[in-house]
């Protein structure tokens, strides 16, 4: 148990992931689901970036020619998270466009109402 | 230094729970904006400035802007429906008068 | 460095460039560009297949100047080339076959976006089949999800938008679980390329540390990818998405998008984690149980379905159940059977969707099964294609799905014990149910309509695109049925070098 | 004279083909679509007639259902089961993941499994091999460039689908009804042209140049300091959005319309794909690539990375502005 407190960044990342995950599953309102998805993605990226951090080392930008490994942190997770952030923005933009179109059509944000209304429509 | 990071992570968790709990959509979008602002500061303490700029510009900036726009669009549609509903009531009101007379 | 080895890379780049160029074209040039692109890529993939069959070994293609653990790479072997050839032919013929309904149903001014999304799904499929790097697989899974969600919403009717939202939410949960899985995997092994991860995992297995994170990784990736490929408990999004889409979109979604995820899951098991470690972890039994449940429940709900497209959508849930049951049998033959059935199902299901959708429109477009009566007499080719698909899926000998059932029972007998009994029972029940709903519908096509009953007068529009597409798909199915033995032996032999 | 008009006839045919004029077969199929778009009752086949009536009924039914739906709820039992299941899944998720975190290596210790020879080479030889001072940008745009190529196409896919969903173009017959209800009604959002409120315009005249300059700086110095194509592009996009909110869409359309968006994204993505194609091909076939890496630290230094950063900057800036304009006004 005390080990959790030592690794508090990763614990916080996992808690954020689970809160986002449960928001996305439990809430019926579409906008809440989208914000929950963003929180979930940010949680995963925090978890991934925590792995790359090394205490007492600086960001991987070469200053005045110093190029030994002991000076910088691991650059790979930063690259992966950069890609992840842009992926989560494009997914959010698409989901919001869908929500606006659905609101034109069904005048509700509640997913269950939409499914029921769509079920009644003709094919 | 690690106290500040712990405080910020605690704030993130509180923000996440607040989004889960709040009823009103506008407050949850504002809370999300604060969430991604604090997240970009956490990236700086994690010694990865690339992520900080991207999260600030893309996460806090564009995503929150799109969320606000979606809300504005939905309120605009609500306003339109109010106009239509009042118009429908007025017509129905008119017919009742017609039938009564 | 033989010149043919560059072809997979050329195909990927060509598809991306055509997708980008189509954004400025209008309706007709966009259609012809996409069609020529898919034919060129099919031709190139056949050359790659010839080359890999000749050498018999898989080769690694470095994407960039830096070798394996530093830069990206793609790996092409006999299995990848075989599966990609089948997928290319399916894409080509379903795109041509469903051309006319797509022109009629999709807005004229937004038609080029339809062609762009078809290109992007094709691009993502190629990258998923060829990639040898786990994070590239995640990026192309995202492209696959967004493009497929866009394709689901092509008809812009209320039902399509709701199906699109449900598709997006379920798939986003799946890809987030997949991303978390590969983050933990990267944490414990330190590599992102499949070959190096395999060494790391093997080293971990001996040294015995990080055993819990390894099981969690396998669980997360399995749940993520099975959620995306609609295994039984997670298939709520599938009927709405497949039954409301245009024929080409339904064909591509059911045969290409879900098969890309299944191929990635097989690659993850065999190449990243290693098949023996996976067997020891016991995740395959869970897949086996859900596969068997999917086989039966999918067929049951297909019998209850009112409209033909909903029936075919539920039958894809049953067929995906077959694939996961074959995977769950913990044997080499099981994997060969899973690969074979994903190819056979791709060919059959696209034919069914294309022919059924156009027969619906010809018979008054009410999608109800009873209105298909006597469809053979006014559109014979469509009825023939539909009944060939129906016969194939019920497992008539000399056709491809019959071979699946043979290899599935072979693998089950080899495993023996409880597995054998359950598999034989499940195969029997689902074949019986298949016969009830598929052959039932196929027979109504051939019954001439009497004057008395109310049947909508047929509106038949003959056009060359549908005939070319359907004849191509029927030829593909028959070819896979007749040449199944060499196909299976190539798969089995390729599997040894797949790891 | 003959040679000229043979060439011009060829160009006319090409322009005709490009501007989607009708071939024999296509004309018949397009006629089918026109018939669906503008139905006049006599020529309609019974199926299309039924489809048209069906569309009107749908509209009316949704109108009626709009008010009555709120009382009826989905099956309470299914809802409760779904909630219970989800809470169960989330609780097991949290427990499992927290347990895995305890077994993972500690935070920030140097001998973490991922600090292996892969990251060692990135740091030690990163400057020599990619020429980029910022190792993360060097890794993204040179070592693992295939991921970033895929990732730009994710952004391109999302932009295309959002345009498909929200963009209402004047000549599309199907959505004229939707466009009219949006435009005429004073309450609808697209009706609103920003009234020139002085405060916003004054701050915009000061702020927009600075924001755009910062964006350009971040893009150009992507390989020297933190930043790069994505963040710089987002900052430039924010600058464009600020300009539009202050001065309105008509002023913006003088230099940024849907056509410019299409062309900029086309050119940027094509240069990106072709330059990456060149570096992958030369890499795979062990051909020495002729692109000079330049002196580290100078702006024109790290070979292709600067060009790629500029392309990605353009793509991201135009896409972010396109999202805003399409959400806000429905067309660029």
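The letters A, B, C and D name the chains in turn, as written, and every chain counts its residues from 1.
Just so we're on the same page, contacts are C-beta pairs under 8 Å (C-beta built on N, C-alpha and C of every residue); 3 or more make two chains touch, one makes a residue touch a chain.
Only a predicted model underlies this, so the values are computations on that prediction, with no experimental measurement involved.
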Task = Any chance you could check whether A-D or A-C wins on number of contacting C-beta pairs?
result = A-D
Key: Separation of mean Cα positions, chain D and chain A [Å, integer]   = 19
Query = Rounded to the nearest whole Å, what is the centre-to-centre distance of chain B and chain C, using the mean of the C-alpha atoms as each centre?
reply = 38
Ask   = So how far apart, in whole Å, are chain A and chain C when each is placed at the average of its C-alpha atoms?
value = 28
Task = Please compute the C-alpha centroid of chain A, do the same for chain B, then give the distance between them in whole Å.
result = 16
Request  = Note the residues in chain C that touch 2 or more other chains, in rising order.
outcome  = 135, 139, 142, 146, 149-150, 153, 158, 180, 186-187
Inquiry  = Give me the residue numbers in chain A that touch at least two other chains, ranges are fine.
reply    = 8-9, 15, 17, 21-22, 25, 50-53, 59, 61, 76-78, 80, 82-83, 85-87, 89-91, 93-94, 96, 98-101, 104-107, 117, 121
Ask   = chain D: which residues touch two or more other chains?
value = 58, 62, 66, 97, 104, 112, 114-115, 118, 122, 134, 136, 144, 147, 151, 154, 157-158, 161, 165, 226, 228, 230, 323, 327
Task = Identify every two-chain combination in which the chains touch.
result = A-B, A-C, A-D, B-D, C-D
Query = Once bound in the complex, which stretches of chain A touch chain C?
reply = 17, 21, 24-25, 30, 33, 37, 40-41, 44, 47-48, 51, 76-77, 80, 83-84, 87, 90-91, 94-95, 98-99, 101-102, 105-106, 111, 114-115, 117-118, 121, 123
Message = Using the touch definition from the top, list the residues of chain C that touch chain D in their complex.
response = 1, 5-6, 9, 13, 16-17, 19-21, 23-29, 61-66, 69-72, 100, 103-104, 107-110, 113, 116-117, 120, 123, 127, 133, 135-136, 139-140, 142-143, 146-147, 149-150, 153, 156, 158, 180, 184, 186-191, 200, 210, 212-213, 216, 361, 364-365, 456-457, 459, 461, 463-464
Message = Applying the document's contact rule, which stretches of chain D touch chain B when the two form their complex?
response = 66-67, 134, 136-137, 181, 185, 187-189, 218, 226-228, 230-231, 234-235, 237-238, 241, 320, 323-324, 327-328
Ask   = Along chain A, where are the residues that touch chain B in the complex?
value = 8-9, 12, 15-16, 19-20, 22-23, 27, 29, 31-32, 34-36, 38-39, 42, 45-46, 49-50, 52-53, 57-59, 61, 73, 77-78, 81-82, 85-86, 88-89, 92-93, 96, 99-100, 103-104, 107, 109
Remark   = Residue set of chain D touching chain A in the complex reads 54, 57-58, 61-62, 65-66, 69, 73-74, 79, 83, 86-87, 89-90, 93-94, 97-98, 101-102, 104, 106-110, 112, 114-115, 118-120, 122-124, 126-127, 133-136, 139-140, 144, 147-148, 151, 154-155, 157-159, 161-162, 165-166, 178, 225-226, 228, 230, 296, 316, 323, 326-327
